[in-house]
Amino acid sequence: MEKENLEFTHFNEAGRSRMVDVTEKHTTERVAIAKGSIAMKKETLQKIIDGQMKKGDVLGVAQIAGIMGVKHTADLIPMCHNIFISGSDIAFEIDQDRSKILIEATVKNTGQTGVEMEALMAVSIAALTIYDMCKAVDREMTIEKIYLAKKSGGKSGVFVNPKESQK
Amino acid sequence: MEKENLEFTHFNEAGRSRMVDVTEKHTTERVAIAKGSIAMKKETLQKIIDGQMKKGDVLGVAQIAGIMGVKHTADLIPMCHNIFISGSDIAFEIDQDRSKILIEATVKNTGQTGVEMEALMAVSIAALTIYDMCKAVDREMTIEKIYLAKKSGGKSGVFVNPKESQK
Amino acid sequence: MEKENLEFTHFNEAGRSRMVDVTEKHTTERVAIAKGSIAMKKETLQKIIDGQMKKGDVLGVAQIAGIMGVKHTADLIPMCHNIFISGSDIAFEIDQDRSKILIEATVKNTGQTGVEMEALMAVSIAALTIYDMCKAVDREMTIEKIYLAKKSGGKSGVFVNPKESQK
Amino acid sequence: MEKENLEFTHFNEAGRSRMVDVTEKHTTERVAIAKGSIAMKKETLQKIIDGQMKKGDVLGVAQIAGIMGVKHTADLIPMCHNIFISGSDIAFEIDQDRSKILIEATVKNTGQTGVEMEALMAVSIAALTIYDMCKAVDREMTIEKIYLAKKSGGKSGVFVNPKESQK
Amino acid sequence: MEKENLEFTHFNEAGRSRMVDVTEKHTTERVAIAKGSIAMKKETLQKIIDGQMKKGDVLGVAQIAGIMGVKHTADLIPMCHNIFISGSDIAFEIDQDRSKILIEATVKNTGQTGVEMEALMAVSIAALTIYDMCKAVDREMTIEKIYLAKKSGGKSGVFVNPKESQK
Amino acid sequence: MEKENLEFTHFNEAGRSRMVDVTEKHTTERVAIAKGSIAMKKETLQKIIDGQMKKGDVLGVAQIAGIMGVKHTADLIPMCHNIFISGSDIAFEIDQDRSKILIEATVKNTGQTGVEMEALMAVSIAALTIYDMCKAVDREMTIEKIYLAKKSGGKSGVFVNPKESQK
């Protein structure tokens, strides 16, 4: 079993990709939290902060895009199961010192497979949307370090990324 | 004009997001190249290399997902124009020293808006697919530094990311 | 609790939109009925009636569009949960006196959230399709009074729109 | 010619629906403006106004949904051509006296078919999103009078809905 | 050139799939016609014929599904270009002797790539929809011989399938 | 009951199509297997075999397309329920004597409706993708005999297509 865990489950005996059979898996409540960030010029970040206060909330658009992206995960990731999402939220944190926006997405479901990919998708699409909204003023923005921070539910139980405990 | 360039063009006078009007823009051939990478444990990378040789080509799946993702860009990025893509390709490079896979996507179109977002989407979805295909053996993979490397075509002409010349 | 009911549940503490967490909600059978109408010139309505008898059933196309629209609700309404629909039907009634077509959509599911938005979507897409099919002969058609007529299932129980009892 | 104009062009000789052949049509710049409104309780409208000022901008979400909906028009309206949209914007006006939100969508393209359906879709999806965001506090909201206000471009030239000049 | 024609153009130098670059191709009017059929029990075919006359037009649903399917071709066929379709129609012919329904789809575009896949998709989705609508009475239906009958436009000019001239 | 089984359940009393109400159906594990094939010139088949060994795995692309197609079934087949898929795989067999590739798709779910359409969709999309990948060298390929081979689960129990036992 342990050994099987170390194989790529997404390939069949012919070496071709398949959607893993989860028929026998238990239905449990699952939560996944993914994180990432986007770095930009200080002037760009200042414009985002200013817009938030007044007109043109870049992060509001990114928030909606990220949550809608969650619902498209199985359309985009070939072997991903299409699942019912029971909740989804995104939090942004502005780090002016490092001129970055930190993105944290939380996705929940009750099902036979987890929502890791959905949480990673939410962060990715939110970051890409920030890029799109600001690219007229800064083409050098960089999306950085997208990773699974934590997950719970399912046979493998709770996972906390070592990156998280280092903080 | 220069000043206008420094505004967020994606917001209207009410401070709400809009799809920028490109009716008056010239139709030109446009190319965008985006780059990114995904870091993983050495054992995970070795499995990917092994699968490529024999059975289970993770990067083949990621390639297809990335190219299909290009066609979904306007579905996912709220203010992005839906455009005809005239060509799309992805190249992977394995960096065993740093235990990473480097991803480079090239997208072309002939139109009134460019394909920067499409190229960035291709890299993002390819990276997420690598994550999905390998997550059963390594949950700690990190998607790193996704950025626009180069673009050409359109009024603003050629852009080369300073990151590129530093190499 | 009552008080909380009066808040917009679709916003998080940062004032940004989220997909409401329904993890703790009970799974129940739910039904929603939405209604609406589209008004048009008498000649347009007569053409629709004639086509129905012979060739070119406008309402048949609208019916299919409305039912397929139900399945796209979560793609279009940003904070809407993606759910399994267990049944969907649409009924049209021709009101020649007022030169209108009345549309009534019924949608069912068994889940943690209801299908109000799906029923309203069915009516909207059916009405828009009637417009599209007939716009070559009548551009002045008006989609009128789309509302939730009734819903049942879930914690809040049965809702009947006061508009319904006025009839 | 006039006579042909009075037929439903969306049906073939067998009386079945088809996507009209526009191969021979001229490529012109086209604009369509659609309007509609959503009526609600005074308290609901007040909450929307309050959220706009502080936290939870319902109309910001509706704006994004409407613009994204434009890009899905051909997915939802069966015989609608899939087209490149060159610009899209939505304006909301709050009418406190009549307790309504007025919605006006403008869509542009350069092509062989117009964007009437896209503008009507933008208004419909924006209105449905307002319903979705506020339904926890007001289930009796009614979407009212969605119509094509104006269009220009294409063989048939400028159309102004008589409703507009009555104002 | 001739030799290049014999290679699979959809693979890059690394042996991975790509979307072929058509940037340099000429924009021409293109037409593709695909054919196929679905065989069924005589009683099933009779029910379809009866429904057509009275209630429940199976082929009307299949027609709409096929035409909508045309617009989804690039979503489903990984390396297919997303293109603007300028016209699409389907014709059904009932062959009672052989207990079959013959399906013929015609798709048109003006662009740099053709619509062969779109026409084949229309036939496939129409056939699958007939199966879906009738499967409650006949699970043994068989979709048969889907092929490209004819195409015109583009560098390779007119192609007529030898199957067509054999008739 | 038997009699009702012989009706087209997908039509309502007005003779228009509806999504069948499955609210009262039992949730069971369901499996469907569909088969089909694509015939081609001997040289085309040889190229596919060669690519598999070295560069350019046509069947790898078709496999991914087929599995992703499963998840789009309800988007394409109008009256099909949108369901959670618990597993999906495709097997190809090369028949050099008859110059064909045989395709077999297996789809599983646990729900109130079965996955027959999803399995047939997987075979259809896989076959269409093979056509797309090889059409530059062979436009005369023919997709042949797509049918439901077997299904289990649900009220009607196990179905084995007589075609299967003839073998």
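Should a chain be cited, it is by its letter among A, B, C, D, E and F, assigned in written order, with residues numbered from 1 in that chain.
One rule holds in what follows: contacts are C-beta pairs under 8 Å (C-beta built on N, C-alpha and C of every residue); 3 or more make two chains touch, one makes a residue touch a chain.
The model shown is predicted, which means the values in this text are computed figures rather than measured ones.
Touch-path distance (fewest steps) from chain C to chain D is 1. On superposing C-alpha atoms, the copy chain A sits rotated by 180° relative to chain D, to the nearest 5. Centroid distances from chain D, each centroid being the mean of CA atoms, peak for F.
Taking each chain's centre as the average of its CA atoms, chain C and chain E sit 32 Å apart.
Each chain gets a centre from the mean of its Cα atoms; for chain E and chain F, those two points are 16 Å apart. Within chain A, residues 14, 16-17, 57, 60-61, 64-65, 68, 72, 75, 78-79, 84 each touch two or more of the remaining chains. Taken chain by chain, the contacts fit none of the simple shapes, being neither an open path, a ring, a star, nor a full set of pairwise contacts.
Residues 5-11, 14-17, 36, 47, 51, 54-58, 61, 64-65, 68-69, 72, 75-80, 116-117, 120-121, 124-125, 127-129, 131-137, 139-148, 151, 159, 161-163 of chain F are the ones that touch chain E when the two sit in their complex.
The part of chain D that touches chain B in the complex is made up of residues 29, 59-60, 63-64, 67-68, 70-72, 84-92, 108, 110.
Note for the complex: chain C touches chain E at residues 57, 60-61, 64-65, 68.
Across the complex, chain B is touched by residues 12, 14, 16-23, 74-75, 78-79, 81-84, 111-112 of chain E.
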